[in-house]
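Next up: the structures, one after another.
Here come two complexes built around subunit A, the first alongside subunit B, the second alongside subunit C.
Showing the complex of A and B:
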C-alpha cells in the first residue's frame, strides 16, 4: 500500500512542541484562577449574596468534581486505547495523557474536606447560628448524626444504619486510596509514554497494554465509590446503585469535550498540523456522542424511571428536591441541553468533521457536564419530602425554592478552580511533546481513514 | 501463475451486436492499489456511469476517486426511527390513556387504567417502548433498505463465471465497465482501459 500513503507528516519540534506559544494563555488562566479563588473565599466566608458555609462547600465540591471528571475522562480514554490496541488514536493520545496526569494533584481538592473535620463546630445549637458554625456536617450530613437527628429526624435512622460505611475513618481511608490510585496510574502512563519518545521501545507499549486490564478494574471501582462518597453521600438517606455509572458518563462528557477542545486549540496554535485531521475529529466526536450524550441519557433515564416507578419515599425524595421551584425548569434544561439538542446537532457525519462545529459542540457539552454536576450537588432535599402525604403538597410548599443558579459564587468558584486547572494543564503541555512520536502504531494513526 | 494465464482464452474479434452471446461488460485487471486509484479517476472523468471496482481489500480513497455519492440510507433510517417513535407514543397513549374507539379492521377501544396513582398519560412509563420501537423501525429499515439499494441477495453474477476475476479476492484489482453504459463501445472502451495501464482487458459474457 506504499504507493498511496499520505505525505510524510511533519514531526519536527515546531509541530509537536508547544514551546512558549501557550505562555500567555497559561499566565492568564493562572491569574483568573487566583482572582476567582480569592473572590470565592471573600463571598463564601463573608456570607455575601445569601451564601452559607454549606453553599460554599457544595460549590467547591461541584467544581472540584468538574475538574476531576475531566481528568478521569482523559484517563479512561488513555487506557481504553491500550486495552483495545487502537491505532487510530495514537496521534491524539498524548494530549489525553497530559490532561489525565493532572490527577497527580487530585488530593489537593480534598484539603477543604479535611479542613471541615478540623474546624469543629456543629449545627446542633440551633439554625440561627448556622453561619458561624462549621464542622463536617456542613457538607456531609452523615458526619454529624446529632445535627441530623435535630433537623431531619426522619432521615436520621436511615443514615445511622449506614454508619458502618459512612464514617469518618473509613471515608478518609477510601479517599486516600482513590487519589493515590489515580495519581500513580496517570503519572505512570505519561512517564512510560514519554520514555518511549526517546527509545521507541515496543516493550513499553506492550507493558501499558498488559496493565490496562487491571487498571480498568481499579478505575471502575474507584470512580464508582468516589461518586458514592463525594456526591451521593451529600444526601445520605438516598441511594442508587447506578450512580457510579452515571458519574462515569459525566467523566466521559467532560473528559472527551476537553480533549477535543485541547486538540483543536493546539492546532489553531499551529501545532499537530497534518498529524491530526478530520478522521480523528470524527472519531473523537463519535466518542463524545456515544458516551457523553447517549450513554449518559440512557443511564440517567434508567435511574430516574426505576425510582419513579417504584415510588418509595426514601428514593423519590432526591428527585423531588430537583423538581420543586426553579429546579423543575433546570431539570428540563439539563435534559434538553445535555441530550436532546446535542443529539440532533451531532448525529450526522459531517458535523463531527468540521472543526469549528465540533469545537462549538465540545464547549457546549463541557458546559453541560458542569451543569450536570451542579444539578447533582447543589439542590437541597426538602426536609418534609419524606413525611409529606402527596407530591403536590411538597411542590406547593416549596414553590419558591431558590436554585441559586445566578449566585456569583458559582461563577467565581468555576473561574477559580477551572483557571488553576487550565494553568496546570497548559504548563504540563508546554513541558512535553504533544505527540507520541515513536509509538509503534503511529503510522496507523497518521494514515487512518473512516470507511 | 503461468498455468493460470494459459487457461484464459484469447479475446476473439467480436462480430455485430446481433451475436447470440450477450456481453456483460469489460473487465480490466490492475496490479496495485495505486494503479486502480489512478484508473478509477480517469474512468470517472471519461463520463462512464455503469461501472465498478473490485478489490481484495478496502482501498482508501477509492470512493472519492470513483466519485461515489453518499448514500441516502441514513435519511431513510432517520425518518423510520421518527415513525417508530410517533407510532409507539400514539399506540400507548391510545391504549393506556384514552377511552376512544377506533376502527382498525375491528373496533378497538382504549382502556384507561389507573396504575399506582400515576397520571393516565405518564410519559416516563412510555419511554422504554418508544425507545424500542424507534430502534426496531430504524434497524429494520437500515437492513432492508441496504439490501434493496445494493440489489442483494442475488444468486449469481456474470463476473463470478470469469476465471480471471477469481484473483479479486487475492492480489489483483479490477475495473468493470458494463455494456449497458451509454458510453460503452466494445472496441473503444477496450482501448481506453488498456491506455489506463491495465495488465489485461477481457470481455465478460452475460
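Showing the complex of A and C:
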C-alpha cells in the first residue's frame, strides 16, 4: 500500500479560514430567506393559490424537517467518526461540526407549532369549518379530538386511545427534550473541537470518543420520537415501527449531501486546498451512496412491502394516500429520483472522484431528500380508506387528488427556510476555522488512499 | 496506514487495547517478520498431533453429531409427529433453530465484507475463522427447512424445478425467497472464503513435507504462485466479492424476517423486522465468534494474532448491535400500544406476562440488559467475563426466536384453540445435535486449514508499508501525536 504524501499540508489562515470570501453568498442567502418567508406568509395567510392553513403549516413542517435532517445527518457524521476513531475523515469533520451546530437554533422551528396552540383557535362546538380555523388541529389532528370526531369518527376512536402519548403537554415536554439535546450535543462537539485547534490536546479527542457512545443512544431515541411526533402523528391513526429508521435514512441523505456540497463549495472558494482530495470525495460519495440511498431504499421497500403484503386497512391507508391521483406519479418520481437513477449514477468509483459530478449528484440527492419529506408530510390519508370495500373504489373516488407540488408556496417556503439556514451556516463557517488543524489523526486524513 | 506500529517489548504481549489518538495500536504482537506469522499459523495444521483439548472437544462434538443423526433418522422414518408440534403451534424448534443458525452465519460475512469496505484492519485477525463459522452455521441452518417438510424425499420441490406434474412453488411466498436468499448467501460466502484461502493454501502446499498434504493443498491452491499478476487479480476479485457480499448480509436475514412479517399474525407483522433481524443476526454472530475465538486462541497459541484488541472490538460490536435489538424491542412494544390494535397489544402483553413469560424474561435480560456490561472496558477486556457474556447472548438469541415464533402462534386470535408447546426429546436432541455438526466442522477446519488469514494479517503489519523502517528506528517509538506520516 502506498500513500499520498502531502509534503507540507497548507494549514495557513488563507486555506483554513473563509474570511470575507463567503460574505456575498451569505448576504444573498439571508435576503432570499427573508423574501421567501415573507412571501410564504403572504401566500399562506392570504389563502392565495388555494392554500389552506393546513397546507401552510405542513409546508413549514416539511421545510423545518428538511433543515433539521441536514443538521442531524451532520451530527450523526460527527459522532460516528469519533465512535469509530476514524482517521480518514479528520479533514472534513469540521464542516460537518459546523453544519450540525445549527441545531442550537432547532427550537426556533417550533415557534410556529407553539403559535398554533396560542392562536386561540380552539374548536367551536358544532362548527363545520373546523379545518379552516386556526388551532393545533390544523396541523396535528390529534390535538383537536372534537373536530376529529366530527369529521372522521372512525379515526377518532383510535386516536383518542393514544391520548396518553399524543397530548399537548407531553408533546411539548418531548419537543423541548429533543431540541435541547441536539443543541447541547452539537454545540459541545463544535466547541470541544475548536478548543483543540488552540491546544492540540489529545485528551479532547478522547473525551469526544468517550461521550459519543451515550450520545449515539440519545440521538437514536430523540430522532425516532421526533419523527413519530412531527411526521408520523400528522396521520395519527397510522403507525409503523420502522418509521424512526426511515427518518434516520432521510437525515443521512440530507446531511451527507450538504456535507459534500459544503466541502466542494469551500474548495471552489480556494479553501481546504490539498487537505481535501479525491480520496475524501470518494469516501463521502460512498457514505451518501450507502446510507442516503441504498439503506433508504432498503428501509422504504421493507416498510412498503410488509404493509402491502399483509394488507391490513389500518396500515394501508397511509400508502393509499400516496397512490391516489397525482400522488401515484410522485411516488414513482421518488422511487426513481431517490434510488434508481442515483444508484446507477454513483455506483462507479470514478464518478465519486470527479468533483463536478459528485457535486451534481449531491445536489440531486439533497433535492430528493426534500422531496421525500414532501411525500411524507403533505398527503392526507383518504377518509374512506378504512371503510371502502375495494382499493379501486378509493382510487376512483380520489382520481383527481392534487399533490400541489407546483404550488408557489412550496418554492417560497423552501427559499425562506433554506435561505435562512444557508445564511446561518455560512455565517458560522466564516467565524471558525474550516479544518480541525490540530486533530491528532489529521495526518491520517491527509495521507490515506482508497484501494 | 503508515501509523500502525508493532510494539515489541521483549517477547511480552503488550496491552494494545488502549490507543493514544494519533497513533494506531498494533494488531500483531511480538512479530516482526512475515515468516514468523507463517510459521505460527501453519504450525497448527502441520503438527502431527493436535492439543489434547482438541481431541476432547472433537469427541464431544462427534457424539452430538451422532445424536443429530439419530434424531433426524428417527424423524424421517416416523414422521414429524415425533416433535412436540400441535395446533396452532406448527412451527417451533425447527424454525427457531433455522433462524438461530442463519443468524450465527452473519458475522463472518459482515467481518469479511462490510468491515473490509470500512477499512477495519483488525478484521484480518478473525475473518478467516469467522467466515468458516458462517459457512458451517448456514449448513446447520439448511438442515431444518429440509427436515421439517416431513417428506424429505421430495425436498427438491423447494426449488422451482419443472416437473411432470407442472407443480411450481409459490413464488409469492417468502419461504421460497428464503431458499434463494440462503442459497445465494451460502454460495457467495463459500466463494469468498475460498478465494481468501487460496494464497494461504499455496503457503501450506509449499511448506508441506508429506506427499498427501502436498497434493491435497496443491489441488485446492489452484496453481497459485504469488506472482504480481496473481495478486493483482486476487485483490480485484476480493474487492468485488466484498461488494457483492455486503448486500447479502442485509438481504438474507431480511428475507428470513419476511417469513414472519408478511403475515397478519400479531407479534409477527411489524415493519421494523428486517433491520431488527439483521442487527440481531450480527449480534448473535459476533457472540459466537467470541465464543469460538476465546478457546481457539488459547488452544492453538494465537494470542498475539487474535489479540485482546480484536476481542475488545468484537465486544463493542456486540454492545452496539445488542442495543439496536433493544431499540427494536422497545419500538415493537411502544407501537403495539400506540397502534391501538387490540390483538397487537395483547400479543405483546402476552409475550411478557403470558405462559411464555420466562422465555421473554430470558430474552430481554440476555440480549438487552447483560450486554450493557460491555460499556465497561474492564469487562470488554476480561477473558472469562466476555466468554460468559457471549454464551449468555447465544442463549438469549435462541430464545428471542423461540419467543417470537411460539408465543405468537400459541395464543392466536381464538382463545379456544390456544395451546402450550412442549418440546419432545427429539426436538431437544436435534437442537443439541446441530451444535455437534457445527463444532465438528469447526474443529476440523481449525486442525487442517489456516485458521488465520496469513496473507491478510501480513498486510496490516508495519513491514507491509513501503515506508516502514526508513529511518531504521521506528519500532517501539510512538509516532508523534501530530504531524504528517513518517
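Rule of thumb we're sticking to: the second predicted complex is superposed on the first by the 435 of 451 C-alpha atoms of A that agree within 3 Å, B and C clash if a C-alpha of one lies under 4 Å from a C-alpha of the other, contacts with A are read in each partner's own complex, and residues count from 1 in each chain.
The rule is simple: a contact is a pair of C-beta atoms (placed from the backbone, for glycine too) under 8 Å apart; a residue touches a chain by one contact, two chains touch by 3 or more.
Just so we're clear, the structure is a prediction, and the values are computed from it rather than from any experiment.
Could you check whether subunit B and subunit C clash or fit when both are placed on subunit A?
Subunit B/subunit C on subunit A - steric clash.
Let me test your reading of the model: by the given contact rule, A:60 touches which partner, first (subunit B), second (subunit C), both or neither?
A:60: touches no partner chain.
Of the partners subunit B and subunit C, which touch A:291 in the superposed model: first, second, both, neither?
Neither partner.
Just checking: does A:200 make contact with subunit B only, subunit C only, both, or neither of them? Give me first, second, both or neither.
A:200 contacts subunit C only, not subunit B.
Which partner does A:245 reach: the first (subunit B), the second (subunit C), both, or neither?
Second partner only, subunit C.
Who contacts more of subunit A, subunit B or subunit C?
Partner touching more subunit A residues in the overlay: C.
Is A:158 touching anything from subunit B or subunit C once the two structures are fitted on A? First, second, both or neither.
second
Classify the contacts of A:309 with the two partner chains as first (subunit B alone), second (subunit C alone), both, or neither.
both
Considering only the touch criterion stated at the top, classify A:447 as touching first (subunit B), second (subunit C), both, or neither.
Once the two structures are laid over each other on A, A:447 reaches both partners.
Just one of 8-16, 62-70, 116-124 or 152-160 in subunit B runs into subunit C once the structures are overlaid; which is it?
So the stretch of subunit B that bumps into subunit C is 152-160.
What part of subunit A is shared between its subunit B contacts and its subunit C contacts?
1, 3, 305, 309, 447, 451
Provide the residue numbers of subunit A that touch subunit C in the complex, in ascending order.
Those residues of subunit A that touch subunit C are 1-3, 5-6, 8-9, 84-85, 87-88, 158-159, 161-162, 165, 200, 202, 205-206, 209, 213, 217, 220-221, 224, 228, 237, 239-245, 286, 294, 298-299, 302-303, 305-307, 309-310, 312, 314, 438, 440-444, 446-448, 451.
In the complex of these two chains, what residues of subunit C are touching subunit A?
Touch residues, subunit C against subunit A: 1-3, 19-22, 24, 117-119, 235, 239, 247, 250, 254, 258, 261-264, 269-275, 323, 327-328, 331-332, 335, 338-341, 375, 459, 464-467, 481-485.
Can you list the residues on subunit A that touch subunit B in the complex?
Result: residues 1, 3-4, 301, 304-305, 308-309, 311, 347-349, 447, 449, 451 of subunit A touch subunit B.
In the complex, go through subunit B and note every residue touching subunit A.
Within the complex, subunit B touches subunit A at residues 32-34, 37, 58-61, 63, 74, 78, 116-117, 124-125, 127-128.
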